[in-house]
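You will see chain A twice below: alongside chain B first, and alongside chain C after that.
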Partner chain A sequence: MSIFKSWRNPFKWNFFRSDDRLLLILIAVIVGSCSGLAAVALNRSILILFDWLHPFRHYWWAFILPAIGAALSSIFLEKIVNEGAGHGVPEVVYSVSSYGGLLRFRSSFSRIISSCLTIGSGGSAGPEAPVVMSGAAIGANIASFFSLNDRQRIIIVGCGAAGAISSIFNAPISGLVFSIEVILGEWKASNIVPIAIASVAGTEISRFLQGNSIAFAHHNFDITFFDIGASFGLAIFTAVVTIFLTRSLKTVRGISEKIQIPLWVRAAAGGCAVGIIGMFLPVVLGEGYHFIGSMINENFTQGLLVVAIALFAKIFATSLTLGSGGSGGIFAPCLVIGSLAGLTYYRALAIIYPSLSWVNEGCYALLGMAGLISGMLQAPLTGIFLIVEITGGYNVILPLLIVSSVSTTLCHYIEPASFYLKALVAKGQLLRPGTDARVLSDLSVPELLERDCLTVNQNMRLGEFIHIIKKSRRNIFPVEDEKTGRFLGLIHLDSIRSYIFNSDMYNAVFLWQIMDTDVDKVYPDDDLSEILNIMDRKHLFSIPVVANNKFIGIISKATLLDQYRKELMVQTLD
Partner chain B sequence: MNHQLFHIFRNTPVGRETLLQSIYFCNQVGIAPVIYIPKHAKFLMYFKNEVVQIDLDNSYLTAPDTAIQHASELLEQGGFKPRFYTPKHYTASTLPDINTEFDYMCCPRSISDATSKITLGNIGAKVRKIVKAAFFPVLLTSPVFKEWHSITVFFGGSANAVNALRLGLQISDISGMPLNILTRLEKKNTRRDYEKMVQDQNMEDRLNRHLNKWLFFDKGKFEENLYDVPHDSFVVLGAYGHGLIRNILFGSKMESIHSTIYNNLLIVGPNYVANRLSL
Partner chain C sequence: MTMELTIHEVANRLNLPWNTIERWVRQGRIPMQKSGNIYIMREAVMKKWAEAHNLSFFLSKKEIDQEKNLQPENLLPAMQRGSVLYGINGQTVEKVLKDAIDKIPDLLIKNKKELLATLIERESLASTGIGNGVAIPHPRTPLSEMHKNSAIITCFFEKPVDFGSIDNKPVFIMFILLSISVKTHLHLLSRLSFCVRNKLFIEFLKTSPAHDLFYAKIADYEKEIDQIGDF
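Moving on to the complex of A and B:
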């Protein structure tokens, strides 16, 4: 049995005792491989389901296929695994921010099954975010199994996310950058090394099982000066499309949540609407990678109007799928919408300036994808590296940098938080390492409680109180009810100085006459950020803590800031 | 009375009995109850190394409009100012995070197992997870409210049993109720060996002050020995003193006790830390 126990705590092994980074690297390989496998499993199962349903798509009733998929997905999530809908990335970031990356075991498979049902049946969503959730949960549970601490677990969660993205796109750098830019939000060597290893492991698993193929191989692009200039316009256009997509998702979700029907019915209705759109515009169905390929290779022959309609139809279909309770992510729809946006922009440009020699529409489709991804995730590096890796070339790097950075900046100006982090920011739950909110969230009232205050009761005379003052090293004295022990108020030495030096008052004044009853007090489960706000607002140096109407100690600003500094040092230690 | 017991309130007759037990426990031990009235059928508890999702059955969402009133009435009758817990953070919109910084938690015997509504059943998987992960002991109440007049600790010598004995002594100290200990002689240990275990933990003096009787069993089935637990005794026991494999092969004492006696149980898990918050 002791052998099994030592397995659970490898820090006790002599090999790892010298440097725990070795252990993290070993676990990163395991997690990267497992999340890579999960990504391949999801990818293959979506393809199998999509192909299996393909013959039925020619029938008039084919529009119900996405409805059935969305309903089954919703039932699976709500009734069988008891998890909420959604893609799960905010849940991963929230867990990393607030709970040291703890994630439920069921999350390691639930989103894979539900998103397979949604996307495989034709729902407009992507498999990337669900597989990120899955990889992160695999990482979290493996980290818990090995009894890693919070900081190490967070890195391993990042490894899971990186392995998943690397595997699904066959793009290791994108996995690494996505994990650090979006999930962890902290560029540190101690994070980068294990995550890079996990990305390699995830990619290798994908290459071993699916072959080393580039998703959207293309010809070389001959970028001209005009294209560089036009990329600024494309950045603005993709930013507008991004904002439109974000608002559309929010609106459809808002409307959907107001309708009081079972979730699976709601999801089915959304899927049904997508199915109907898909009968006229097949580009909206599923993850849509096939159509991206044809746009990049200039085989998407429809005219400007049809492309523009397809662009808005895809936005609407994605909003319906995800807003009504279908399961899936925004990554793949962003790529499709981005390529449609790039194509629309190119064709409009070609009509307005027919005499100029533009590179070609495939290049603009690529740039559009980068603009959408960067704007939606507000993660420019992820957008840049993803496009470079999935297209296998650096020759579009200059306009790519322009489109990604400008689109991110514009989107950030209009929507200060990215799609993934919006809800967390609104609730004040995005606590990035090293920030004020994060440091305070890692401290609690019981940790900072000072208990050396001497309490007095309200019926004590001033003369007796003078003796108490002599024994105390504090200048505040909590007053408690003599019988019940209830907290009644405070006596500040500063406010009773005039009485102290008048000995005539010693037997004439009771403490209830001089105590301050209008006192700000806090409770043990209050957030320290709120407590610090109260202290700043009211210019207090200390504040009493009360539980069940009884005084239990004080929080002083000096102790709080002292602990804050120590915690900050721990959090920013590399 | 700065320590707190976390209680999930169910606005049903069964829930009333459970809350009455919690209130009685709080009065005896000198702690305050904090009531959570669920608005969603699931919630998360983030422990140090594990996150546990609790899936409640729909009876916990019964008549939400009268739940606060019913719970308040019972608390006031018990001499407590009603205090309700409102989750501050949500992992998902319908998935609140429940604080784990409590000193005790009252769990129904099984949170989501339908059979527990009519029988004692087995301890539900979620309750077991809470017991394993929590810093606090878990109170499993009897199906119907009954007062208790003594404390019975099951002591088998494991680290968790030592913690249980320490907690039993503390409750006996505060409540003034006599303490009984039940020990089943195992692994060729003699009575003297168990007494030495207590001595080694420096609990002998306290034990002499509170101990009513210490029963040792070496014959009969464990379930038969349980007849000697007074019906009105509050039972304290340690859980998961052994590993998973041993529990699967030979069964768990906690499960046997739980499914055989109707007394209120206080279960001390492997991660229990006495007075962790010490407010």
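Moving on to the complex of A and C:
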């Protein structure tokens, strides 16, 4: 029987099991290819749906197309697969930091379908985040199939995300950098190797199926000294636009959550509004990659005013689509908004300083994208590598670095958490490896419980209690009810020290008279950070743990320090 | 021989709760291999891993157990080892101490000069006469030749001697307490003082009982102490 088992599953063969790194690389290839396939599938289906609906765009009722798409996607997510709206990246990061990367199998296709409906019908959102979620879920499930441990599964989840991004942009380095900078948050060789392999696999799949084309190819730019100077101004401008976009997304979401209507109606209303904007400015519809191409190649000929209006229209359309419950990511809209911002900046610059010879507007569109991506994700490396790779231009690297880093810094100053991680940070769920929060969240109350406390009951006399004190190694004594065993209170040696030497009181005082009934207690499921907060606030060195009204042990700071240090050493020294 | 450790054994050796080790295995922080239904780890691998992570690691559980099980012994064996001496002579503290030490069997104590000097030194700090006619002389630090076992030498005096006790009563009996460690010293002292607090025991001692009677009485008192469970 066991022979058949091992034969059926070649990856359980000892050859691959002999070295974990080898196994991880092998799985990385599989996961990278699968998530690459998922990315290609989503990209293609969006294009097909978009083209299929194109003839209908000229009718007067075309504005309801995005509404139908958003409503269908909302119904699909809510009723059929029972998952929340949103783009999915926070869910992946949360799972990586708290559940060892476990993700549900249905997550590997649910976002693809829902975002295809939303974007294909004209909603302003991006396919990248949904595909990251899918890739990560594919990775998580494949990792579980091979019964990998948490740390290995996290790496494979990162592989899935990297494969997806690499495939959708045909940009392997961006996939690698995005996965490590945003999803894992830990630069280590053991992370980088499998993820790099997965990026290569994802890119190869994409090149095999769609050809090796650089998304926004362009001719060479001649960057002058003035452009370097101007890029500081662009960085500030993109930072402002980023903040505006963030706030606008937040506001629309806040308003839509207050309205008490079914989710799909809400999504439909948002889609309708986007459709109406799209009737006048088609640039806002869909993922908008077509327009980025035309902007970089200087085919976007409208004047400054139109570009500026388009910039704000795209921001509103994106906020409406995502805020009302449409499914999709922020990546593609960021790129469109970024290129519009770059173009606006260039047009304004050309009017203010007509005499100077600026490099062309395509370059500014490109820099604008980098500024928006870096500011929004607060991941400067992802922004830089992505733009370099999708435009195939290394010659813009100097202004690119400036725009990315300045924009990230400014945005970080105003919005301390990136768009993806904001919700997690607000809930205290962002637990990057090697941080205090991570160590505390990994340690649990049962691991720290000290059970060597001697319990006493409330009807004991002080004289009998003295004998218990002699035997105990601790200075706190939990008091239990004689009959039920219920936890009643605590006696701290410090508080009775003044009269335990007075033998006259030995028979006169019962423990219920001296016990402290108003004690802080914690439960086995409590968060350690919460427990430490209580201990810090009340200046406690130990705190009783109670389960089902019964005392089960104490948590002391001394033991906690010991365990915390060991945990930290094991977590950081890999 | 390669020794394989289970999660519980690893936890014991690292002095950590087993559920922490279990979590580390699940998270992939400790390289344990699955063998059938349990996780195991070779001792050498374990040692290397612990060293790489700066974790203190105990090679085997026995060493700790030995230290823990070393309970200080009780009065009776120490007294039987130390023997009972009768008719100790002398008018002053120094003289009775010298006479008593001279009468101690050579098997027990070889360097009698050292013992006398340390006892007198201790006596000069404060009297060891604890009242009720009893004195418990002892060296300040464990004797260099006392390694394995403690001893109590019981000395009945010919005539009561002024020891400068706290209650100014002359001393008629002394217990020379020679212990191997401070912990044993406290343990024996606390048991001994429990006995001599008892008036009946003092009366019994004043009759200079034969040593088998004396040991029997001590055994009775120790039983009582164990019942109370105080010391």
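In this section, the second predicted complex is superposed on the first by the 558 of 574 C-alpha atoms of A that agree within 3 Å, B and C clash if a C-alpha of one lies under 4 Å from a C-alpha of the other, contacts with A are read in each partner's own complex, and residues count from 1 in each chain.
As a working rule, a contact is a pair of C-beta atoms (placed from the backbone, for glycine too) under 8 Å apart; a residue touches a chain by one contact, two chains touch by 3 or more.
In this text, all values refer to a predicted model and were calculated from it rather than measured experimentally.
Touch criterion met: A:Ser444 reaches chain B and chain C at once. Applying the stated contact rule after C-alpha superposition, one finds that A:Tyr99 touches chain B and leaves chain C untouched. Of the two partner chains placed by superposition, only chain C is touched by A:Gln563; chain B is not.
When the two complexes are overlaid, the chain among chain B and chain C that reaches more residues of chain A is B.
Within chain A, the residues touched by chain B in the first complex and by chain C in the second are 444, 446, 449. Across the complex, chain A is touched by residues 14, 16-17, 19-20, 23-30, 52-55, 228-230 of chain C. On chain B, the positions that touch chain A within their shared complex are 1-2, 4, 32, 42, 44, 46, 49-51, 53, 55, 81, 83, 88-95, 97, 99, 101, 243, 245, 277-279.
Those residues of chain A lying in contact with chain C across their complex are 100, 148-152, 442-444, 446-449, 467, 470-471, 563, 566-567, 569-571, 573-574. On the chain A side of its complex with chain B, the touching residues are 1, 4, 82-84, 86, 91, 94-95, 98-99, 102-104, 106, 144, 147, 427, 429, 444, 446, 449, 524-525, 527, 547-550, 552.
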